[in-house]
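Below are the structure tokens for one structure; questions will follow.
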Amino acid sequence: MVLPSPEFLVYSIAYGSVLALLCIGLTLTYMVTKVPNFAHATLAITGATVTLFLIDRIYYGLHPVRCPECTIQYVTLYFLAPILAFFVVGLVALAEYLLVLRPLARRGIGIIGLMIATLAFDMILYNTLSLILYIVPAENLGRLMDAPLKGFDVDVTLAGVNTNFSRLLLPLVAVLLAVALHMFLTRTKFGVSLRASIENPDLARVLGINVDLAYMVSWFLAGGLAGASGALWAFMIESYKPETAYLMIVSIFAGSILGGLGSIYGALVGGFLIGLAETVGLVVTQNLLQLLLNMLGLTVTVTITQYQRFFSLIIVIVVLLVAPQGLAGINFRGLLARGGSK
Amino acid sequence: MDQPILAVNSLNSGYGKFQVVFDVSFNVYRNEIFVIVGPNGSGKSTLLKSIFGLTTIYSGSISYMGRDVAKLPPHVKARMGIAYLPQTDNVFSELTVRENLLMATYTLKEGEARDRVEEVLKIYPVLRNRLDYKAKSLSGGERQMLALAMTLVRRPSIIMLDEPTANLAPVVARDLLKKVSMLRDEMGITVLLVEQNARAALEMGDRALLMVSGRVAYEGPARSLLQDAELGKRYLGLR
Amino acid sequence: MIEELLRVFTLADLLDVTVILIVVLALNLMAGYAGIPNFGMALFVFIGAFSLAGIGTRVALLLTSIVDPDFIDRLSRAHILIARKYNGSFKDILSYGVAGDPMVNRVAAPEMEEIISQDLILSMILLVTVLGAAIILGALMGIIASFAAVRLREDYLAIVLLAFSEMMVMVIFAQTDFLVGGPNGAYVVRPWPAVLESAVKPITPLGTSPDLMIALIVSLLILLLTFVYAERIANSPMGRLLRAMRDDDLVVATFGRDVPLTRLKVMAVGAMIASIAGVLYATIRAPVVASTYDRFTWTFVPWAMMILGGMANNWGVVLGAITIYVGQRLIYYYTPSVFQAMVPILDVISRLAVPIALSLTALIVILLALRWRAKTDLARRLATYTIIGLTGFMGSTLVLAISSHHIISNIVYVQALLPKIFLGMVIILVLYLRPQGIIPEKPARTLSRRELKEILAGRSR
């Protein structure tokens, strides 16, 4: 059996949605500050922490014993968590911009120094989160660190596929947020001014646009996206540890670079593709390898799923060698024209 | 003569620690075309940028309609009626023509914005066909037109143009300068024009400033500068 | 006082500092002088640890079996599970068990070490093999990393180097049992002959293992060599070439210098040095667990030390490293006692939390209003800094006060994490206030004034 199960496909799409949102956020901050934000994955995990807190305080506070029939509570949690996380992490990202990156950029610090600054902020955020998780007592979950998140996800059976509510919700939320972002950036005056400020801040200032505000909103949005997706992603992971996000940053970079670091739509597609590649792509490769080995008579079981992130690195390297502008740089119209004129 | 609309006094400015403009003073009067010429690197562009607030000002004053505006940020000056058209990057390439014009009318109310855009499209009908195209797909002349349109929608009192004919074919350049004259004639806008093409600019200008190595070498009627053989030959490559 | 300090800073700490100093000097060569934004230092250090724990253990088994053919049988007999799993198969234990199976290497390693250290020749073979592997693998990793530098711009290059390091260490090595024990790690066989141990005994203080002393002495030697080497490079034509390459590689290439080759050399040499440091580090930090070679400890901290001390300046970098290391240790050790002392004050504050918060908010509102109306740039900046400082200070004090009891009961975690949080903040401050570091880069030493005068005098004749 080479193809993965439908359940796994649903998981894959959900994971792809998480990455897509995270890559949009990363690309957005890159376009504003011209610096890759190494702290972006940690922003996502901050969103997951919000979910954790909500589960511990609100959910357990209302129902000391988990009751499977309490769909209302579950559903509230599913919507409350990402909304709250959106604002919380949005503010954290804004803090990173206002307190760290903007002052340093104004000082004239070069790109490498700014990257170190984002690493420094990452370290502060990551360790502060860990600290909070160790110190704040979790009345019901024992310890917030290592909290078992699995089991809070509602089981749903749709079209014969046994999956969880979060995995169905995630793609919907991703699409919703992406569309909302698109509408915001193209249909609203403020949104267009954001794009204008990113492209040519001097000209924008000349026209009376408040470029500083535009940058702040961009960072807030990027953080918000990271928070919302992190909050829902929390439902998908087995147990909660900040280390879970430690390697995530590589996948996020992979998605953004694949899409092209100057294109938000590229980031959306790139992130999603990387998510699929890391899950479905990997499993299919594994099964194919297994098949190959079996045909050659070797009875070794192949497990390469733990190397999922290595896949992303390979993709990054290939992209940078072949098409450094990413998907956005490929002239699709040019390719189509050539093919169609025959 | 009445009060100058723009008065620059002993301006010293530059980029960071690198000074480019040295003790420059001049006046621009209402409804005139004031031309700034000079050899390459003489600080003409920097002077314009300094007036608008895009460089570091070390000392000196800039008065606009009697108000001291030297310390004000660019977007405030823009709202006061001072328009600045840089030589490059004067449109948003990734945005459509429509979006560019929308950005140009950013500080205006919706109804007024729509009216002004209509007005401007009448002056530059070419742009109407290109409304939904990204600015980067426009030709050089079209792009300059869009840039000019973007300054016009704001009904400025004074427009500062930085070498608008650079990189344009001579025919297109002449057409552009004609349109610039129209700004003064038909719309009553004062024009401050920095030009590399000294002859054409001085021919259409009223008064002129000759800048050499960051300092003022001449301030007075444009015709006189054009006819001054010595200055013309030494600095402007005339005759 | 001295006893107190000695309790805070043990000899193991000295080894840590020495190792990280070697790593930072290597990083300074790559990033400070050659301008390569190497965010993947962790890989180079780890590869040295791998040479010891992954390759060294295997070689050790080979050597032990030569000297003691019954070794594997004895091992299996003493540990039934091992026998059952590997059936006494030498090939299997060599290829998988002794480096990849925690069960095997935990029991095998100390025995092998015992046997090998008794024989001088065996120890030497092991030592040479391990160091050789470290150098070769290190150089290999450095060369691969330098390929990325050929085509990529700074920010992409930094991302790729970081990604490469993370993927190799955290994914490939940490997840593959076979290589170096995967998530559990592998124990090491220290390649020091017994003679060294007895030679070192007289100067070993009580309570310290001889292995530590040997590692320490060797590390200090390597540190000295590395420093001298780095300084000589810095003041040589090569150093000037590196700096020119860092500042404008296009110009350098135009002058006929092979830029990619020079980068390759720098990365290879730097990686080799870091790798050797990794070997020394791993002799004490057993078991070697791949996931502990993370980007915070081995990439960010060296960069922080380099930036604080002053990039492209070897003395500065040493100073920065010592400052940060000492600072971290001090915070670690004194956090509990400092916090204990603060508890009474914090209790008072927590009781007055509400009025304090209210007055703080009022103060901030006033400051914001003042900032809005500020006429001079200076006044506005002053107001901003005061607001930030006040919010930060009072905000964190309030948080501390309210949660003081939780903190006390979990002081261990605070101890461990606070130095890292502090380091992050310090680096941001350093970048803001003094990005050139404590000791800024000196201009390259070229010819002396006298020599220049002589040359000019000779020319003008």
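Should a chain be cited, it is by its letter among A, B and C, assigned in written order, with residues numbered from 1 in that chain.
The definition used in the following text is that a residue touches a chain if its C-beta (ideal position, glycine included) is under 8 Å from a C-beta of that chain, and two chains touch if they have at least 3 such contacts.
Keep in mind that what you see is a predicted model, and the values were worked out from it rather than measured.
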From chain A, the most remote chain by mean C-alpha position: B
Innermost chain, taking as reference the mean of every protein Cα atom displayed: A
Chain A and chain C: spacing of chain centres that average the CA atoms, whole Å: 29
Computed distance of Cα centres, chain C from chain B, in Å: 56
Where chain A and chain B are represented by their mean Cα positions, the distance between them in whole Å: 45
Multi-chain contact residues (two or more partners), chain B: none
Chain B-touching residues of chain A, taken from the complex the two chains share: 189, 192-193, 195-196, 199-200, 202-210
Of all residues in chain B, those that touch chain A in their complex: 52, 54, 73-75, 78-79, 84, 86, 89-95, 99, 102-104, 106-107, 150, 154
Parts of chain A lying in touch with chain C, wherever the complex brings them together: 34-36, 38, 99-100, 103-104, 107, 109, 111-113, 115-117, 119-124, 126-128, 130-131, 134-137, 246-247, 250, 253-254, 257, 306-307, 309-310, 312-313, 316-317, 320-321, 324
For the chain C and chain A complex, residues of the former touching the latter: 31, 37, 39, 148, 151-152, 154-156, 158-160, 162-164, 166-167, 170-172, 175, 294-296, 299-300, 303-304, 307, 388, 403, 406-407, 410, 413-414, 417-418, 420-421, 423-425, 427-428, 431-432, 435
